[in-house]
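Just dropping this structure here.
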């Protein structure tokens, strides 16, 4: 179904552009492990606005200001000083619960994912968490996750300044209504359509009567991504920078 | 108290069968040469605690049958895909898994560092991690009102093991901005470090170096192992060996391939 | 986000009447030039938190009538004797004192740093500090058995103020091994720093310097004040001015002498 | 009463020697604020035994290994890695309680001391705390302190691996029986005598039938103290190093 889209940009570039717009005017965006497209978006947001926001890429030396070790990311979030973070899930359900642990029973799983990383904390304390998942299907977007690494919402008496604001997939963009704990379709990416979204989404979601198409990245955005952001990515995501942007792999010795 | 460096095998001698062993994340300096030496020595029944995640190091030790219990927040090979021996061990039920979340592990090490029995942490409530961790407790915040909060017990490993750029002859170790290594050493009973090289002068006597130095007081043994984090990276020194990681991911996908990998890169002591 | 240094008076503007102000111990870099500027400006009703103790800085602010509440573990002039204005204020009942103990203050800042509402601490039980600190609570350790332990609430000051050797134009501040300044800045809403000098390059770009650097992200304002800790010492830069301290101790012994001291060294802006 | 003592050493030198012997074979001795004589003793202990124990002098840059800021002393003690520490008190009573806060009522004190420093923690967690107090009198050694900064003992259910082992004054040396919470006179310093101790001590204490005289420091000890230790002290205790050992005051600029 992708033939309707002009081949002037890659999926990854569109998704980074979508995420970049969601970042908005944050003061500090942090990006965790294994998140090359959110990292692209965060660096793009910084370049677009002349040095704002602060960006902290986990695993980077050049694109982080942290000097207090691996725990500073979490301390900083606990202080309320991280505005935007990104999470994904082996499964994500319609209430915004994410599963980074397993499919099936915890004691006898059918599939095992890497683990919860910092999700069981950051999802609660970062005001705006953007969920990100490529491989949009009924296998990944499920009615109910098999294991809740971190819940999409919490009872009123649980300390929770943070939570999900949106879910970006390779097919579309949802936003999230925290009060109702429910996703709403915002736009469908170029080359995709509503029927396909419904067919491939395991949970129910709201949608406007007329669903817009996600705007394509501008030429200027593509230029920034390819010429300025891509080389920065190679430090932490050499494989991604090479396969998406053609950046040469770094040598194993410095 | 003057300290001397040891051979790698002497340095890792305190890592006994059945002990709890703390190791850092991939980007903070994983002692991979030491890890291969442990596998060659045939260490068994380790309780491995990766602060807060691991990649190749945990996967190798699991595949080689050295791990009884794994306590960490995530194991994968990052850009090189899932961690195959970890995944196989979980699906096969051959290791005991204690799933955590990164800041919980940091807090548990900090509790040990401060000599307190527990540390509170926000988040966690409503996560399925909690029912699977009976050692984590939910209490009502005594400073709040109907405000549940999780308490995590102090985590005091028998040994902490990591790789760093340099140490001096007093056992002072330069760790730079990887300060969770300091908390790890403070929390552990013993700390064993491999380094790229020995720095000729006392690191604590130079104020600039002192700011990034773990004092030798906390260090049990130092072994010099140039490229001791290989094929993983060492901050400011060398990047990950991507070709090797891809080879590992390919071989370790099967038990047979993993055995070949061990033969070629661990038992043969071949390294970059 | 590029940051620029400010004049001293601009930099200390956020230290408003009635705010809570955190300052470090004498040997970690006390912002004494800034303290004199605060007195000249006539700041009032400060809740001063000295982490974990203070000397001349607290005594001056108390004597000048700037302090409503003092929260710390001890105030003296060290080798130069008792802190005379502190002692007079306590005996005269003119300030509210919250007596603490050093590690309790560290733990309270660390609780704020971690975003947790409290931190446990051993010790304290049976001390008369406890009945005078209703904000400190004794609970039964949930991981123990009939094991009382004290919980201390997070301490989140409005402003942290200290003096450091150098900063760069991005507001990154070199603090070296004085790492409680990092916890203090993490805990505080705003951090204001005076420095000896501006370092021409970005401190975070040099791995050696980065290890001792507080990122500018946490810093509200920087003012350049050469010898800004005088007459107190600055680690690795200058020692305490013993002759001046002896003069202070002598003058501040009486209210009249203290007024003379203020006139001579604070209002006249005279410094070494 | 000091005329009976040969004038070959100073009081401070005797006391440092007494404390040095109490330190014994510790691995790590830490010295807090305003403790020049314990600092002398700790450095002397290190020099006597060729580099053992580790010594941490609060406020020193040269004589400490701490690199984790002001809290490392307390964390280190909490880890059980400090064997010996020193405390004093404006008042000390016969149960080993120390008072660093005030005389009289807390709300309306007659005398105010600097404050409790780290005593309300370190007295509990450091296995061997040596109490040190010059100005041995009924005003300082009292039947009951007016304010307990830190108690000499704790109920069995209170976590307390540490506590007092001895009290060194300018007149004598006591050791402390933790089970009975009671001091016992060990020796009387040269030039002092038992009647004077009884007369000037506000609390009851045990004593042997024959009370020995505290041994004088050896010539070798005095030489070490004066030539090796004294210059080290000047960094943190310039006034003390000058007045006791004649070390020139450092210049205010480095």
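In this document, chain identifiers A, B, C and D correspond to the written order of the chains, with residue numbering beginning at 1 in each.
Criterion: contacts are C-beta pairs under 8 Å (C-beta built on N, C-alpha and C of every residue); 3 or more make two chains touch, one makes a residue touch a chain.
Keep in mind that this is a model prediction, so the values were computed, not measured.
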item: Centre distance in Å when chain A and chain B are each reduced to the mean of their C-alpha atoms; value: 28
item: Cα-centroid distance, chain A relative to chain C, in whole angstrom; value: 41
item: Between chain A and chain D, centroid-to-centroid distance (C-alpha), Å; value: 59
item: Multi-chain contact residues (two or more partners), chain B; value: 110, 114-116, 121-122, 147, 149, 177, 182, 207, 210-211, 235-236
item: Multi-partner residues of chain A (at least 2 other chains); value: 61, 66-68, 74, 78, 125
item: Touch-based graph of the chains, sorted into line, ring, star, complete or other; value: other
item: Interchain contacts (touch definition) - all pairs; value: A-B, A-C, B-C, B-D, C-D
item: Chain B residues touching chain A - in the complex, by the definition given at the top; value: 24-28, 51-53, 72-76, 78-80, 82-83, 86-87, 90-91, 93, 99-104, 106, 110, 121-129, 132, 146-149, 177-183, 230-231, 235-244, 272
item: Chain A to chain C touching residues, read off their complex; value: 28, 51-52, 54, 61, 65-68, 74-81, 125
item: Complex contacts: residues of chain C adjacent to chain A; value: 1-2, 112-116, 172, 182, 186-187, 204, 207, 210-211, 213-218
item: Contacting residues of chain B [partner chain C, same complex]; value: 107, 110, 114-122, 137, 139, 141-144, 147, 149, 151, 153, 175-177, 207-212, 235-236
item: Residues on chain D engaged by chain C in the complex (per definition of touch); value: 33-34, 36, 59, 61, 66-72, 74, 78, 100-102, 106, 108-125, 147-151, 154-155, 157-159, 237-240, 249-254
